[in-house]
Structure formats: structure tokens, C-alpha cells
Amino acid sequence: KPNAATSSDKGGIEGAVNEAYNKYKDLKEGKNADYIPELAKVPSEQFAIVVIAPDGKVYSKGDADAMYSIQSISKVLTLARDIEDFGPKAIQDKIGVDPTGQKFNSAVFVEENKGKELNPLVNAGAIAATSMVKGNTYEEKWNTILQTHNDFAGRQLSVNDPVYKSEAATNQHNQALASLMNSFERMYFDPAKSVDIYTKQCAININTKDLAMIAATLANGGTNPVTKKKVVSPETVAHVLPVMATCGLYDDSGIWFYNVGLPAKSGVGGGIMAIVPGQYGIAAFSPRLDEAGNSVRAQKAITDIVNKLGLNPY
Amino acid sequence: KPNAATSSDKGGIEGAVNEAYNKYKDLKEGKNADYIPELAKVPSEQFAIVVIAPDGKVYSKGDADAMYSIQSISKVLTLARDIEDFGPKAIQDKIGVDPTGQKFNSAVFVEENKGKELNPLVNAGAIAATSMVKGNTYEEKWNTILQTHNDFAGRQLSVNDPVYKSEAATNQHNQALASLMNSFERMYFDPAKSVDIYTKQCAININTKDLAMIAATLANGGTNPVTKKKVVSPETVAHVLPVMATCGLYDDSGIWFYNVGLPAKSGVGGGIMAIVPGQYGIAAFSPRLDEAGNSVRAQKAITDIVNKLGLNPY
Amino acid sequence: KPNAATSSDKGGIEGAVNEAYNKYKDLKEGKNADYIPELAKVPSEQFAIVVIAPDGKVYSKGDADAMYSIQSISKVLTLARDIEDFGPKAIQDKIGVDPTGQKFNSAVFVEENKGKELNPLVNAGAIAATSMVKGNTYEEKWNTILQTHNDFAGRQLSVNDPVYKSEAATNQHNQALASLMNSFERMYFDPAKSVDIYTKQCAININTKDLAMIAATLANGGTNPVTKKKVVSPETVAHVLPVMATCGLYDDSGIWFYNVGLPAKSGVGGGIMAIVPGQYGIAAFSPRLDEAGNSVRAQKAITDIVNKLGLNPY
Amino acid sequence: KPNAATSSDKGGIEGAVNEAYNKYKDLKEGKNADYIPELAKVPSEQFAIVVIAPDGKVYSKGDADAMYSIQSISKVLTLARDIEDFGPKAIQDKIGVDPTGQKFNSAVFVEENKGKELNPLVNAGAIAATSMVKGNTYEEKWNTILQTHNDFAGRQLSVNDPVYKSEAATNQHNQALASLMNSFERMYFDPAKSVDIYTKQCAININTKDLAMIAATLANGGTNPVTKKKVVSPETVAHVLPVMATCGLYDDSGIWFYNVGLPAKSGVGGGIMAIVPGQYGIAAFSPRLDEAGNSVRAQKAITDIVNKLGLNPY
């Protein structure tokens, strides 16, 4: 496939980013997540696109500094941490790496599989991944997770407290999933505490530059292209990206990968990141979601950029 | 990632193929499929590895001319044909492209989703894909399918009649799936005839050179690297490969993609093909299967070659 | 419990029937079944209540001669026939007698249980029960079923042809259930023909006097209280009534039995019959159904009569 | 049906009890529950049959004083308490009264129905029933439950502490069910405490005379035939018995009711009670269970007595 975009040929990227931004900036499809008031309140008009090249060069457009909660995208970072610390086989065995485009964000799947063959990017498996995180206490585990997020983003991040508190007050179903996993001996720390840490990691505040930097770190084999810190190894990344490829966009994961061919992950905060292995980290943000819970404009913007620059590897 | 293998550097490939062959040639794990006598009778010791480079150069080892039924691998070719003829959106809408590592080779999933959100590489969706194939009659549809297989392989193939007849006599569950799909208006031709065509396509006889040529045609953007015939377009291939990536190895699809990172497809006949986009078609064959229905030695051989030559794109 | 109602004390029954009729005659809740036009066209205002005492005395009110299709109520008669002809153990083993208030009128349950542990009053099990009916051919089986209906009703019945044809043209899901049962070797005659016979038995035309006579025959240990013909044995009845008790009113079977305590069966044609063992057959008819598919007025009328006359055995 | 057995004709009952006892006393089929050591340790040879007539007369044979944990049979008493205190509609609405012969002792059913349409004699619904029990605190609720058991049995009962402690240490799955119910707002007290009370009620120690007295109280419309205390009203009993009829013997509930026609309830401690409304309470005990978890000898003994005395109401 022709690919004119290189870091020195910034015209290609800049043009693609601008074009996508302008094409979708007035699109009003979808609506904010509203299961907690804090997500409903995020200004719906916000829209940002950021691409970061292998040399750390940032191509940015729109509200790239607007902050929002990372939500499900944090699952990718916790997964990366676990693979780095315990090896890919441990995650495969203790959680599972089964692809799915279905709603097994439910107790049905957990019960039927006795807590096995889950996926670390879908709730039950993600909570198990959080419970596995290195550390003997709540604090140690939380610090491991926050440090990992900081390292990927290349700067100090913090928790959006209203989002955390609001979600902590309404996470009974995640508690039930953790309790059910626990009954099958597939939780690796106190279930209630694990759900709390998980809820907190989802409330970490980021902007779209952070998100693109996280993506770029994954694109760059686990080393942050700006700070040069090796967050995780290339082998870890090689195991994280396939899981993103199959389970990154909730129930529409299959549709995304079928059409775009790149590992990606979305969060109900409105962010989506896509990884072009060895090349770019691409991030977009817009709070209005479609029915599957994925940002409408972020999906469209990334898809256009990928097509324009010929980045679909298939 | 370092990738020393190019067509001109055949030493790399040849060495990797030989090494894998020698490492696994005496491995006796797993057992032949036995749900019909014809599959149980295939000599279990047979083992072949074939890699085909972009220039059509064939690297082969073992029983590369031994014939066996293509089985589920045919689903890939029928899918490619449908995408080429009706466009990627038609398959997405009329069948579904949901990834899965689960057993939804069952009526449960079909019923719960009212025949939607299936996958063209898993039985119910595959039968629907066969029912969609271009042609107004059984004969026309069958001819379209056989011709597609011929074009991918670059030579005239034929049906293994004992396998076809034996499977046709025992395909009641596939008939039930088709009947159920039909009740949700998700079959696109007579259900019973569609199941029969599907059964016949699974019985097409190939050898491991054929399988590698099919893989190489996919790696080469849809054009057979030897006959130079354009079987399907690069855009079609770009939609086929992601589906293989998420659903190629039955219940172990997720584990495969997590560890190898390449689109692949296996059949209970013992064959597996993997695609390195823009580069190689890799095929291996050995009749003994693991519990998920994937050839034990074929999986191991391809994994070793991919690792040795650094072909995992992630 | 006090029970003033005896055949000689007809005042009790007559009063209860009249009271219920007057109380509900103007009730317009619910709506006709409409999945085929023929059911939607039945005059919604029709309402009938008929009670038949052990001595054959008929207490009737309203449109007791209005004809309608028997629908699911026919399942009871076919079940009785099979138990009579093959013994209660055969039905328990070859179909199942599992109570359920759930929608296992679906392929999900059939697949998960591999066609076992079904219930002869719910579609999949009912089709299996029809397939078991004595006779080697379609005609013989059909004749057995029609004759059984005639014997229970005490007169010659016939099929409502427009209902039969319309349902036969739209019974794809029942065909799928039969095909699925067949794949688990739990059909006992050609699946397609069995579904056709089943469809035809559901289209047998009855009026509410017929329905009450069927109920009275069951209340009378299997002997028609007017014709005195022994249709089935008391032992057969003793096995039929518990199945009605647990599965008679679709998804509301549990609610019915919890509140009324009597075996009953409803059909989407608008009829419901309830059995007071050793005493009365009670039938009511009104085409408007609630969401569970049970006649609104028929349920209320029977419940009132049971309460008024103290017929709940618990 | 002929029924020669009356309280004055004690020969009938005595003979039936003795006959059943002698017929099965040497039967060794099945095995003790063993999920906790305390149940495995109960002497397997113990066997008792007790029938109590409306006048309180006790017909007893075997180890009628041997103590064992009431287990699931306690669900009936808690259900009766709730219906008495809150009315039948409250239980229908807040828990559900859906019959089932299926394993919905699992999270699957709870999740799919969002905690609705359960059954108070199956775990999830039973825990909800316990959570509803009158009382504002753990102590008050527990006292209500224990007092109800005492009143039914007509004497002071107590908890088998080793059984309670052992089950409390291994009830993670029930905790998960309660947590899941809670996420659907279908728990009516703290989930963890409710599970603990539920675990404790299952550990109440009884002998077979107690069990027959409980059954006789239900047969007698809710008034203990010996103490003459009105434990619950006849209307409550009329709602309890149908639930027992449809869900009393775990997965074999349907088979039991199909063949015996009487409301009954079994516990994994080895006890089974059956109710002949207006007539007898029948209890039997033997620790060896079949695969469905019902005492082998207790089922057979009760069935024989019911058949011998003609007590099947259908």
C-alpha cells in the first residue's frame, strides 16, 4: 500500500488531520454518556484530533487540551502493565484473551465459562486484570496503575474525583461481576477493593495529547517517544495490540477492525486511540457517543485519516 | 522489528521451514478429526510446511503433495468472493463481522441475536455467506465457489466425494442452523440447498502447496503470485484479513492472534494457513488436532517460522 | 375449604358464571393475536364462559357457540394421547416434563439441553409430542390426533383452513425448532411433516362448549361425561394435569398456578380451560390477550369462579 | 380416586409406612452431599419415614429422631413467613413465582431476567426472600425466621453450628448471586448479611418428626395440628403449595410432580417433605442423594406411600 506519510512529510499528516477535523467539526450525531451526571456535563461540542509521529512530533487540531476521564482506555494500560510484570502466558491463563464483539460485559458469560476465557478489555476481565496488578495492598496496586498511566502519557496525571465518586456509588454491577469471578477463584485480590481501584483508574483525567502520547508509546514498541522512557517491552506491546484489535470498541469491535484494520480502544468519556505499529499514535476526542458507546466523531476522524494516509495494514 | 527474510534471502525462509519441520516431525500430540470415518483415515503422520514468497517462489518441506479436504478454510474464499461481488458493507449488514473466540457455532447465539451479528468464518454465518454467493441456482452458486477456489489455488481443484457424501449424511445440525437463520430471514437462498453447497465446498480437496498459494494470493492483495490472475481486489483482501485475525482458529482464535499476530485460518482436515500481508503465504498441514480442532503441528510450525523470521506485525 | 358447589346445587355454579360474565363483559383490556390476519379478525367482543359438571350438566353464558381455533390447547390432547399410547415414562424420557415459566419456546433452550428436558406443552416439546403420535404416516398420525380431539369434545371437529394455511406459511421458526430437535435425535417422525401436523392440530376449530367438554373429560378421569366414552385412562390424566399445572399459561404459568392452584391451558385463539379434578371442567373464551398471550377476560372469569366456589385445592 | 386412609383407619397408613420402609431400608443408591465435610459425615444408613395425620397422630418408622440440617426445605418456611407478612402479591412482584425444572440456581438466569421472574425456592430468589423477612436488623430478621421454624415444628429448634460455619466459609457463589440481585435492586436488605442469614437458616437442625410436623402444619392450612398454633393463614398456604409443586425437588421438580402430583420440598441434608392438602404431612429422610440432589430413599418411600394410599390428587 502506498504510504506517503512520514515524519518529514508532515504535510501529509497535517492535511489529513485538518481535513478530518473540518469535515466532522459540525457533526452532532450521538449523545454524551449519561449514566453519571459528570459525563453528561462534558461540553458536547468539544472535538480534538492528535497524531504523534515516531519522532515525537505532535500534529494537533481542536480542543487538544480539554480534559476528560480516560474510562475504558485505561484497561489497555493495566493490561500492558500485567503482561510486562507477569508475562503474556499469565494473562492468557488467569484471565483469557478471547476476542468478542458481544456483550459479555455481563454475568452470563462469566457464569457460563466459570470465570474463564474472558478478555482483559471487557469489564469482568478488566477487573480481574486490575486485581492482578503488582502490589500487595490497595495503595501499592493503585500506585502501580497510576505510575503506568503517567509513564505512557509522559506526565503526571490525576484522578477526576467527581467522576470517581459518582461511579463508585453506582458500580454495583461491577461489584457483582467481581463477586462472581471470585466465586470461581478468578479474582487475584479482594473483589470489592479491586472494583474500587478499577473504578478509580477509569476516572484518571487525560486530554487528547495525552491519549495520542499513550498511543504513540504503543506504536513505538512501549517506549515513550518524547520522554524516551521504556514503559513496557516490545514483546508486551506485541501481545497488547492484538487484544485491542479484537476488543477495542465494545460491541462494534468487529466492525471497526473489519473496516480500519488497526488496534484501537475507546472510552465512554469520548476518547479513542488507534495504533499504527512502528509508526503513529492517533487519538481523537468528542463526547457524543453512538449506541455502542463509541465517540461518533472520533471514529470517523480516525477512519478518514487512516484511509487518507493508507495506514490500514491489510 | 528486524525482518531478514526477503525473497532473495531465501536462506532465511528455507532455514526456518526446515527447522520447524525437524523440530515437530516426530510430535504425536492430538488426534485426527473422527466425526466422519474419512477424516479419521487420513494418515496421521503426514506433515507438510510450505511458504510462498511474493515472487511466487515456493519453500516446501514434507508431504506437500498429500491431498486433504479444505474444510473450514473454504469459508475464507467464499467470504472473499462475496465481499468482491457485493461489497464489504453487504457482508457486514447481512451476516455480521463480529469477532468471537466462543462457541457460537451453535443455535444459542443465532437465536439470541435473531440471526444477526454473526461471523462469516463460523458455521451459521458461513452458511449464510454461501447462500449469498453469486448465482441464481445451486449449480451457478457452486460453480462460482469452485472457480474461486481454483483461482486462489491457481489450478483446477475437485471435491473429495467420500468426504462430501459422509458429511452430507450427518449435517443435521448445520441444517438446523440454516433453518433457524431462515426463520429470521437471514438466509439468502434455499436453506437446505445452501447447506449442501456449504458441505460440498468444505470437501474440496487440496494439498499444502495449494493452501500456501491461497495464502500467498491473500498476502499479495488478491492476485495469485504465479498465475498473476487477480482473484479479488486489495480492498476485498483488506476486509477478509481482519475477519481471519479474529476468528480463524475456532475457540482458540484469540489465543492465536494474541501470540502470533497474523490472520490465519484452520480446517479440521489438518490444514492451517497464515497471511503476512504484502509478504508471505504460509501453510502447514498435519491431521492431528488439539481440543479446539486446530492442527497441533501446523500451529507450532507456523508460530516458530513467524517468530524466527520476525513476521508478527505487532 | 368450603365448597358449596355440587351438581345438584346448580345455583352456586350458575350464579358464579353469571357474576363473572357480567363483571367482565365490558372489559376491553388486551388485544387479539395478530401474527396472522385470521386471528386478528376474530370479533374481539366475543366472550363466553362454560362450566360442565361431573354429570354432564352444562352451565353456559355468552357466545358459547362462537368458533375459534384451539391453538396451544391442542397440545394437552396430543400429550394425553401419547401418554395413553406409550406410557408416562416414554414422554418423560423422550420429551421431558420440566416445568417452566420461561421462554424456552426458543432454540436456546433446545440447544443448551441438546433437545432434552423439554415440556410437551411448550412448542419444541409439543412438536416432538406430535411427531411421536401413533401412526406410520402423516395421515395416520393426523387421524389419531383429530380422533382424539373429537373424542374429548364428544363431537366431530374440523380444521379452520384459513388459519391452518396462514400459519403453515409462517411457521419457519417451528420448522427450525424441529430441525434442531432432529439434529439431537429428539424428533420421532419427519421434522417438516411433524411441524405441518402440529400446525394443523392448532387450527382445529372449537367453541367454548367443546372446550368445557374437553376440560370436563379431563376432570372426569379421561371419560367424556356425556358420551361416556373413555378417551384416556385415569392414570394418563394424572400425568397430564401436573404438566398443565406447571406450563399451562405460557410465561405466566407460575403466576396462574400460584394464584389459582388448578391445572389449566390457554391458546392464543382466546380460549382457556381449567380442570377441577373429580369435579368440573371450566372454559372461557375472549380473543383479547395480555402480553403473555393469555385471554384477559378468560383468566379473570375463571379465577373469579374458582374463588367464588372455593375450588382451589390448596 | 379411592382413598381408604383416614386418621381412624390407621392400619392403612401404618401399613404403607412399614411397607415402604422395609422395601427400601437396604437400598444403597446415591451418596451423601459432600460439598462440606459435615454433610458427608452424616451416617448414610440412616433412614426414617414419618406421616402425621390431621389429628396430630404420628406414624413413624426408622431413625425418626436422628438430627440433620434442614437445608433448602427452610426456603418453604421463609416463603410462608413473607407471604403471611407482606401478602402473596408482594412475593410475586418482588421475587417472582416462576416454575422451573432448570438450573437457574445460577447467575445466568438472574442476569438475563435482571433479577426478576425468579422463584423463592431456588437460591437467588430464596436469598431475596430471606432479605425481605420482617425485621430491621440482622438479629430481628433471624429471630423471625427461627421463630417461624419453631412454630412450624412445634418445638424449639437450633442451628447446627459446624454446618453453618462450614457453609458460611464456602458460600461465595451465593454472595455473588446476592450481589447481582442487588445490582438490579432486587435485594431488600444488605446482600452480604442476607446471604449469612440464609446460610444460617439452611443449617437449622431438625429430625424427621419435625419435618413431618412442618408438612402437617402446611397440610392443615397453616395451623400446627399438635400445638394448635396458627403459624400462617390458609390463604398463605394456598400460595406456598403451588410453588412447592413446581419447584420442590431441584432439577427433578417436574419429574416429581408429573409422577406424584403433590407439593414437596427436598434438602441436601437428605430430608423430603410432601403435603397432602387437608390431610397428611409426609416426611422421609435418608442422606444418600441422587444426581439432582434429592434423597433416593426418601423419594421412593414417599412415592410408594402416596400410591398405596391413593393420595395423588390428579
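Observations
So that you can tell them apart, the chains are marked A, B, C and D in the order they are listed, and the count of residues begins at 1 in each.
As a convention for this text, a residue touches a chain if its C-beta (ideal position, glycine included) is under 8 Å from a C-beta of that chain, and two chains touch if they have at least 3 such contacts.
No experiment lies behind these values; they were computed from the predicted model shown.
Chain centres were defined as the mean of their Cα atoms; on that basis the chain farthest from subunit C turns out to be A.
With each centre defined as the average position of its C-alpha atoms, the distance from subunit A to subunit D rounds to 50 Å.
Between subunit A and subunit B, the centres computed from C-alpha atoms are 31 Å apart.
Annotation: 55 Å between the Cα-based centres of subunit B and subunit D. Touching two or more other chains at once is no residue of subunit A.
All chain pairs that count as touching, in label order, are A-B, A-D, B-C, C-D. For subunit C in complex with subunit B, the residues that touch the partner chain are 106-108, 110-112, 172-173, 175-176, 179-180, 182-183. Contacts from subunit A toward subunit B in the complex involve residues 1, 88, 92, 96-102, 109, 117, 119, 234, 237-239, 241-243, 245-247, 251, 253-255, 257-259, 261, 263, 277-278, 312-314.
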